[in-house]
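Next come two complexes built around chain A: one with chain B, the other with chain C.
And now, the complex of A and B:
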């Protein structure tokens, strides 16, 4: 017993024990079971459970709502990630000076990151509400007609994207700002002596040196955007006409509302997982190549 | 430093910033507008909210929407549940993450590399893939609708272990050796020597986890089915989803749910920002 407290190599196991057990039981076991459950016909009442092999996968390939929700998720990702990272980068450069106003701006622009997506989605959907919202009223005054925004099948997804960018760009800003501040200032001093313009400084110094940080933001945002749920659940519930139903929204609906098909939902979740893994590994490799080119 | 002193032409230097200041002000307005609208609207009577054309301000203000939301949904209970869930999760996670991070950073033991790689792999697994099996586990353990069920799976976080490990690696070598010579055991070294040194890192991690859990929607939504166990986000989401939209109470409820973290942000801003900045660090 004393050994466990006095020998570092033994005490280490005491230190990691709680974390390892929790990670094993509540993350690693579920990952494996998710794949396994995908081969079963399993509902929430755990009755009539049966092994169905690849049937769930055959079914999901023929399920139009699966294709639709994955397509919507892809649309969301293609709009959200570039907008968010570009805006985050742009703002990070804007707030990389030090003055009282800039510091105040940083604090304020970060506020949405602190807020729950649930409340944010409620507020924005009311501001855009066709009955009480100010913005639909103004679009009408401007002669754009009565925009119904979240109830308009063509506008709903772009609004969900806008809401997500609004909520998250502060996060990208902070991560990239930390990157900008760790760039050696002598590079800029040298550039200034050479008479480089701000735009040249940005494209020749800031951006190349920031590439690892930008890559990190792109990849994490990409993974995050494949899992978009909260804003859709609160603001549209996947509507109108399933135009904002994302993959996770559909998985959640399949699993946790009648007829509670846990097995089928797990199969869809497994497909989503594989797609996320392939995407992030591919992007990671692509960025690594780019970085090598910069530092070579 | 061989940089020449800048010639004193102050004016063009300032002019350069006019553009960026204007852009920043526009962004500030875009960020602040919904919050102002929310607070002001939550103080309006229902007719002033639905009036046409919509008005930003109202002729008079009232607290009636707050009374209405508190009588429509058990908001105090949601607040209490959210606090127990978020703080409980955070306290355990910060402790366990620090312990594991410390061992991975500073002790050589068999299987260290393999186990740490496992932590890194866990970090890459999205929650959605574990969601359904996790639900079944908690259900079978009889922990659905309990705080134990909500807290247990989140008592550690792979990211937290990773982060604390990076911090412990950066501490000077041989810190422990002196303590060992003084006869302190390993547990004592961790709690008396190491933990006091990483208060700031623990606070940043704590705030980061608190924010994530306080705001989380899908996780508590899935693991709770009764009104009594809902958290603020899940309870509010059900409230706006289930009935005909009640504008005033929805707005007042949102204010109540945002307020605690915003107050905390006001006082502990640098830890919020440090926590997010840390997610972006490379080892």
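And now, the complex of A and C:
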């Protein structure tokens, strides 16, 4: 056994074993269970369980709140991902030079990332509260009228997007910054000798060579944005008028409030899983093709 | 000899500790009393733990109501539920329909508590199909709170609150002052507290008691919701999208002139030094009709007989004259026990006496309906929010009636 494990290729299994166990217990088993539960009429009390086949899926097609929540999720994703990656990239370029001020700026910009999303959501909902919030107070003093922000059906989702970008762009910035710093400086030196302007250097050198990092950020942010929940749960609970009710928020509502429809919620979760998988794979393939073109 | 004596003493001591330890019964108790009334509840639990002679220890865990109803089903399903739970009568049906609560029909015989002390209407709130699933802990009646300072500033008589809904909305308009961030009346989202009482007292209803059919789209209800919409959209008497918890804070901050809520706001008003009054809610064309609710103690399925007996002991303690009187006097909840109602101190309190009489004409909303929570969360609350945001009242009521009828299987 020891001899077998001492072979480098075999020893690798030993090292990944703990991670595989965690992945199996906390990811694979729940995913498979969720798919299976989606075919049952099952409540949180595990009483009167019955197999209903595709009935939960038929039900979700006719459920207006399912369509609304997926629409809201899509809207969130379309606003949040481009905004976050663009902002992250812009700031990463700005802080890529080495000076004490830039190093301080990097740390400051990264602070929201290490803060709890729940705390941040609570703080922002207090700051924006129309009655006790500091920002509505100043908007009124400035004669802009009373802004209701998170209580306004048209503003609530953009504010959730802003909150999410503000919280997470530091992480995107760090990943892209690492990519920028790993680009060989001789490319830039050669470009400068050839008379390339900073914008040309960015679009012809930085961006193409940063594509793997950008791809990683886009795909991980996309997966995260399709699962947006915490900030919505804390700041708006899906309101006003369901305008911020996202897919995961709706799944949570169906499963964890009366009548506790675990089976139905699992069916919606399965659909969300499939959508995220298709989107991620499609984007991944697209980025791979682009990278091949760049490096060819 | 001395050594033997010491050993015998040690043995006796150890045995007595073991016996007393085995006689002790510990029960876990979950509730959602996060407000100032929860502090009084904690005091009473501590007093019970210190004074009961059966070695019972009640360990209380206070969880916000929203999380309470998320955690409890999971705990019940996994066999980790607390023995004793406290919840509103409007939330019990999902637990009863899944056999998650033990029947408590044997409570009076097991404890010797006099059943005649309890009004039938109060016991009936927790009785489903002839089975008693919970024992009363409190009866919730809503009051109208009014801020006398804001009444004075608006040129209204601070000692004359509105007695009808029409008066209330007229006064609310006069009391609203956008420059000072003062709102005339609080109309919360996600709550039935205002519109249900207004509907009932104007002769409307969600479901007809006799036929069991949804009658939401009635003329009486259309008038009520139109009045609510006008109050928010035209007269701006209430901020949009505000929850009951937010309104509590606005009331305590002295920026809300009138608000309908339970007695749990009294402590907050006192703490914040408000000059306020409380009175019964306004009457409508059908007179004064209350939506009566209450909280009750339940014992979860799987609780052993020994622990069930310990739970009963605590419930018996709660339903004693001294404890119920304390609860009513400190927190303003209307007394329901006959002995508490007859107490001279309670009788000297005009408001409590008035409120306890409401038990006779209060109506329990959607009693015994397993879909009550779904009807509220999925239909009525979203409908109310849309109406407050300016949606057509008749269309909304018609759509909501169809949705409720579908939920009721009609």
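Everything that follows uses one rule, which is that the second predicted complex is superposed on the first by the 266 of 296 C-alpha atoms of A that agree within 3 Å, B and C clash if a C-alpha of one lies under 4 Å from a C-alpha of the other, contacts with A are read in each partner's own complex, and residues count from 1 in each chain.
We adopt the following convention: contacts are C-beta pairs under 8 Å (C-beta built on N, C-alpha and C of every residue); 3 or more make two chains touch, one makes a residue touch a chain.
Remember, predicted model here, so these are calculated numbers, not experimental data.
Once the two complexes are laid over each other on the shared chain, residue contacts for A:240 go to chain C alone; chain B is not touched. The wider contact with chain A, measured as residues touched, comes from B rather than the other of chain B and chain C. After overlaying the two complexes on the shared chain, residue contacts for A:272 are found with chain B alone; chain C is out of touch. Contacts of A:293 after superposition on the shared chain: neither chain B nor chain C is touched. When both complexes are overlaid on chain A, the residue A:47 reaches chain C alone and has no touch with chain B.
In the superposition on chain A, A:94 makes contact with chain B only, not with chain C. In the superposition on chain A, contact of A:259 is made with chain C only, not with chain B.
Shared-chain residue A:130: touches chain C; no touch with chain B. Touch criterion met: A:23 reaches chain B, while chain C stays clear of it.
Using the contact criterion defined above for the overlaid structures, shared-chain residue A:146 touches chain C, although it does not reach chain B. In the superposition on chain A, chain A positions 129, 131-132, 256 are in contact with chain B in one complex as well as with chain C in the other.
On the chain A side of its complex with chain B, the touching residues are 5-16, 18-20, 22-23, 25-31, 33-34, 37, 91, 94-95, 97, 101-102, 105-120, 122-124, 126-127, 129, 131-134, 137, 166, 171, 174-179, 189, 193, 198, 212-213, 216-217, 220, 223, 226-227, 229-230, 233-234, 237, 248, 251-252, 255-256, 262, 265-266, 269-270, 272-273, 276-277, 280. The touching residues of chain C, when paired with chain A in their complex, are 69-70, 73-74, 76-77, 91, 93-94, 98-100, 178, 181, 189, 239-242, 246, 249-250, 253, 255, 370-371, 373-374, 377, 382, 385-386, 389. Touching chain C in their complex are the following residues of chain A: 43-48, 129-132, 146, 148, 150-153, 239-242, 253, 256-260.
Chain B contributes residues 3, 16-17, 20-21, 23-24, 27-28, 30-32, 34-35, 37-38, 41, 49-50, 52-54, 56, 96-97, 99-100, 102-104, 107-110, 112, 115, 118-119, 122, 124-137, 152-156, 158, 161, 176, 185-187, 190, 211, 214-215, 217-218, 221-222, 232-234, 236-237, 240-241, 245, 247, 250-251, 253-254, 257-258, 261-262, 265, 269, 272-273, 276-277, 279-282 to its touches with chain A in the complex.
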